[in-house]
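Shared between the two complexes below is chain A, which has chain B as its partner in the first and chain C in the second.
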Partner chain A sequence: MEKLKAWLKKNMVIVFLIGLCIGFGVTTDTFFTTKNVMNLTSQMAINALLATGLTYVIILGGIDISVGSVAALAGVFSAMVGLLFPEMSVFMSIIILVVSALIIGGVCGFFNGIMITKFKVVPMITTLATMTIARGATYIITGGTAVFGLPSQFSWLGAGRLLTTDSHPNGIIPIITLFTVIVVALMHVLLSQTVFGRHVYATGSNLQVAHLSGINTNRVIMKSHILCSIMAALGGVLVASKLQNGQPGACEGYEMYAIASTVLGGTSLSGGSGSVGRAMFGVAIIAVINNGMNLLSISSYWQKVVIGSIILLAVIFDMAQKKKA
Partner chain B sequence: MKKFLSVLLSATMVLSLAACGGSKPAAEAEGEGGQDAAAEEKLTLGFIVGSREHVFYNLIEEGILNASEELGFRAIVLDGELDSNVTSDHINNLVAQGVDAIALSCNDPGGTTPAMEAADKEGIPVFTFDCTSEVTDVVKCFVGTDNVEGGRLGGQETIRLAEAGQTVGIINFDEPQSCIDRRAGWEEVVKASDKKLNMIDIGNYEGDAAKAEQLMSDALSANNNDIAVVFAVGDPAATGALAAIKAAGASTEIIGFDGNPEAKAAILDAENGKYWVSEISQNPVEIGKQISQNMMDYLKNGSVAQAEIMIAPYIITKENAAE
Partner chain C sequence: MNPCLQVKNISKRFLGVKALTDVSMDFYPGEMHCLLGENGAGKSTLIKIISGVYDATEGKIIYNGQTVSFQNPRQALDAGISVIHQELSIANDLTVAENIFLGAEQRQDFKMLLDRKRMNKEAQNILDFMKVDIKATQIARELTAAQQQMVEIAKVMTKKSKVVIMDEPTSSLSEHEINALFEQIDILKKQNVAIIYITHRLKEMFLMGEKVTVLRDGYKVDTFQIADVTEKELVASMVGREIKDYYNRQEHVAKEELLRVEGLTGKKGEFKNINFVAHAGEIVGFAGLVGAGRTEVMEAIFGARPFTQGKIYVSGKEVSFKSPIDAINAHIGFVTEDRRRTGLMLNAMIKNNVVLPSLTKNCKKCGFLNLKWEKDVSEDYVNKLKVRTPGISTVIANLSGGNQQKVILAKWLLADSKILILDEPTRGIDVNAKSEFYALMNAFVANGGCIIMVSSELPEVLGNSDRIIVMREGEIAGELHYKDATEQNVIELASLHSKST
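Up next, the complex of A and B:
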């Protein structure tokens, strides 16, 4: 009994998620349909990638608010590259999307890392600048217009589905979900099972001590920011693929949802603790609330109020638990 | 590392210089030989567009620049960033520069009215386009789209495409007045139809195509794909709806609004044109032309023929999308 209590306290976020699902399952007749559950997982994908990258920099005690803009820049970039290959195969489209994400994410992450480690600009200001610059660059390269006219192969990764049946002629399992699960799992293992992952926690817990014990903290910070931006850029190219269209205004404000998910998953904004896997529960909670309220046709204004309140409650609850422990 | 940094920094500087250089000719379109005496007699008109981040305003700017060549005036076009504070600063700066008249898209009438009234007091006539201000009477002339009428056209198209008793939906954007008007026009016509259509509200897409995709896929799940027609109050919403409909394997038809290039391309596309079948288009280039014409008329004659000019939106389908 005591054990159960302790588990419940530690995993309140999971209990809360299950409660939400049951609640929406009872109040709507569509929440638990295969189609809706699959939609839900595909709707989570973008935020899941953003939150995964953010977990790394938040554990370091930093922050990255540029993820939404970096995502948009990578999205329109991949769409523009895609326009150069009108005859692309599905395989080619995946290469275009992933390489675009690596280039844009790599450059933006490197820029953030350099500013933070060499020029000692605080992460909030660095990434605020990157957020503005990347968004501006997005409008400069597109001229403010959507990038359109891409072949349908381009949308395989973002909008395609596997397992076609008679009742589901378009397929059941979203490819975007599989892709995200694989990437997130790799990132989870990288953080929890490797030496690099240990260094991230050590640097986030106490920079001085980590440095004195021989960890190249600057390199850890640099690598984490590059990973974070690449995750954001992957999210952005998936949006472009899903919409078969590069939207310069895409992903505006997504950084806030991603930060909220990470915090909901128990990652501390003061650094040193957190996990990619647990951040996914935060991602799921936000997605379930959005999806459930859409199914119930609740106004978007109320959705904002509800999501904000839940984030606040979750953090207050989490803090109270930690104090007791 | 240091070497790389200096390369990076100088690249950034070159890029930003190039960016400034690139925007200048667009911002100040002067006739050839801006230096000579003849050019100095030209009237200078200041324009503040809602936001350079929207194709719609970029097309208005195109109309203004075309008119500046045709009618022989010097145009200064500024970006109001959809922010009444920025717009007000621009108005004050234009007054300080001594322009002959100012036209702005008055997206937030409450916030820009004081600056407009101050300009009027300085003797500089103020005009509005796209959005106007009801709270002041200094506006000499307003040129805009009749968005309620555009919504009505969307409603007519909805009725044309749907069969009696079917479900039809609308993707809204609850903040801009123009989109609120479109919704009102659509609801008015669809409600009055004797086809007894079941109207559903798909949600507020907040200008984000990905959000529209999510709203649409949730609405399709909630209705078992049984939505015959969706009216999107803006093209990003239609783009999102298209992706959702294709992913869900539904056969919902889309009516977009704006008349952006991607809408025309989708309507003409063999695959996407099965879903995105109709578009309500505004005529932004005409808005830019008309406002310039009226400013020049006012400066010449001291009055305009009509204080409010509403440019009617029109319907684009496969037949006329290529034009």
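Up next, the complex of A and C:
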């Protein structure tokens, strides 16, 4: 009994998620249909990638608010590269998307990392600048209009589905979900099972101690920011792939959802603790609320108010639990 | 005379753990009442209950003849109970006067605006009354640790507190700064303030105190009149047995040279022309006043502070460390003076702290953590060093200072250190833990290790070192063999201003 109580306290976010699902399951007929559940997972995918990268920098005690803009830049970049290969195969499209993400994510993350480690600009300001610059660059390279005219193969990764059946002629499992699950799982293992991951926690927990224990803290911060931007860029190319075009205005405000998910998942903004796996519960909560309220046809304006309030309540509740312990 | 503060049958439990059991004490105005006990004996819990941080599970507090129950520190403060914490609560960017009046700012008549002039004047009056050389308009950051402490005391004086609790106020002060503090304590006593004083230094107690209460494992052992008790009796009642060989001096045999420093000079002049040698199998003590540049020299040797001139040799080979990584690879370990700030990841588990510098070397499988190794070596060291903990997965913030220090030692032993730099290794840890720590140091040098120990506690330096190097204002003032060293001549070297010595 005591153990169960302790478990519940620690894992309120899971209980809350299950409660939400049951709630929407009861109030709607459509929540637990295969179609909706699969939609739900594909809606989670982008935010899941952004939140995964953010988990790294937030554990470091930093923040990255440029993820939405970096995603948009990577999205239009991949679309423009895609235009050069009108005859691309599905395999080729995956290469284009992933390499675009690596390039844009790598460059943006490197820039953030250099600013933070070499020039000692605080992460909030660094990434605020990157957010603005990347968004500007997105409009500059597209001339402010969407990038159209991509072949349908381009959308395999973002919109394709596997397992076609009679009742589901378009397939059941979204490829974007599979892709995201694999990437997130790898990133979870990197953080929780490797020396690098441990160094991320150590640096976030106490930078001076980490430095005096022989950890190259600047390198850890640099790598984490590169990873974070690459995750954001992957999210961005998936959006482009899903829409089969590149929108310069895409992913606006996604950073806020990603930060909220990470915090809902229990990662402390003061650094030193958190996990990719738990951030996914935060991602799921936000996706379920959005999805459920759509099913209940609640206006999207109200959805924002509700999500904001729930984030606050969850954090207040979490703090109260921690204080008691 | 009536007591101004009484605690009656106080008990406190945390989640089933008993921190205090049935403790009763009386505190009288104008008296310094010392609290003595090992870490974990319940001293901190008791003062937190008195000052309104915790509620007592049982028992009551009677203040000025009335039963009180403070809901928070603010209420206790307003009622006249002040606490000066070990970690000072000074706002670095405010002026001295602003700090003194923090939370009790004076306003101009009928206006919302601050009356800076009046605050500065009143603060200066108090500082002058205390005869300390601090200006009310100075920014707190510019003050030394000792001066900041004086500001804390000035704060207490403006509040006209009836009870002042001091938690190890001298732990970061040098000898002559301690004397300055004691003068202020005398002033407080003359104003009929009751002082509750926590320290591990028996000497201070005998010099300044009237009464001492010994706590052990949350129980009150006894209250003594300081005039009627000996140091030995106190130590015995504190640990429940007599400690015979407190320092347990062992003869060390110095072997081959491990570290040589030549002409080391800091970038900002923190230290100048430092020359010394340290051998395997010996403990070299660094004595000096706080601010003499000892810590800075150690940081430079460890690659954590740049220097402009000088050479460092490890085992006869010249080295140039760009960062602590290089020093660790050359088998140097550094136990820093402030374990909370630069020694530990406080919210991490014991095992995570122990393995931190050794991870890269010991997890060769593509960078994956070797969790079994982490568990095995941590358990091994926790047993070897007798760290008192429920297990290696305990969060280190929950351990006492002495046990935390042992974990830091374990971390450097595991990293295969041959040269250990210990900066104030026993600061804020109790007698028993100290003597255990000294035994570990002796074992380390007996195995061919070399220890360089910076300490501001003279008995510690004199009791453990084979050679004592004394620093003064960034330079080496002299070196003494332990047989020639006395408190007298070390203090002279450390504080005399003439360079003729």
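Following the convention adopted for this analysis, the second predicted complex is superposed on the first by the 325 of 325 C-alpha atoms of A that agree within 3 Å, B and C clash if a C-alpha of one lies under 4 Å from a C-alpha of the other, contacts with A are read in each partner's own complex, and residues count from 1 in each chain.
Methods note: contacts are C-beta pairs under 8 Å (C-beta built on N, C-alpha and C of every residue); 3 or more make two chains touch, one makes a residue touch a chain.
This structure is a prediction, so every number in the text was calculated from the model and none was measured.
In this overlay on chain A, chain B fits alongside chain C without clashing.
Of the two partner chains, chain B is the only one that A:297 touches; chain C does not reach it. Between the C-alpha centres of chain B and chain C, as viewed from that of chain A, the superposed structures give an angle of 130°, to the nearest 10. After overlaying the two complexes on the shared chain, residue contacts for A:184 are found with neither chain B nor chain C.
Legend: residue contacts after superposition of the two complexes on their common chain; A:232 is shown touching neither chain B nor chain C. Of the two partner chains placed by the overlay, only chain C lies in contact with A:213; chain B stays clear of it.
Touch criterion not met for A:96: it reaches neither chain B nor chain C.
Contacts of A:202 after superposition: chain C is touched, whereas chain B is not reached.
With both complexes superposed, B is the one of chain B and chain C in contact with more chain A residues. Taking every C-alpha of chain B against every C-alpha of chain C after the fit on chain A, the minimum distance is 16 Å. Residues of chain A that touch chain B in their complex: 28, 30, 33, 35-36, 39, 42-43, 46, 111, 114, 118, 139-140, 143-146, 148-149, 152, 155, 159, 161, 168-170, 174, 239, 242-245, 247-252, 290-291, 294-295, 297, 299-301. Across the interface of their complex, chain C is touched by residues 193-199, 201-202, 205-206, 208-216, 272-273 of chain A.
Contact residues of chain B toward chain A in the complex are 1, 5, 8, 19, 52-55, 58, 174, 200-201, 203-204, 206-210, 213-215, 217-219, 221-222, 224, 235-236, 239-240, 243, 246-249, 260-262, 265-266, 271. Across the complex, chain C meets chain A through its residues 302, 304, 323-325, 327-329, 334, 336, 341-348, 352, 356-357, 359-360, 363, 367-369, 411, 415.
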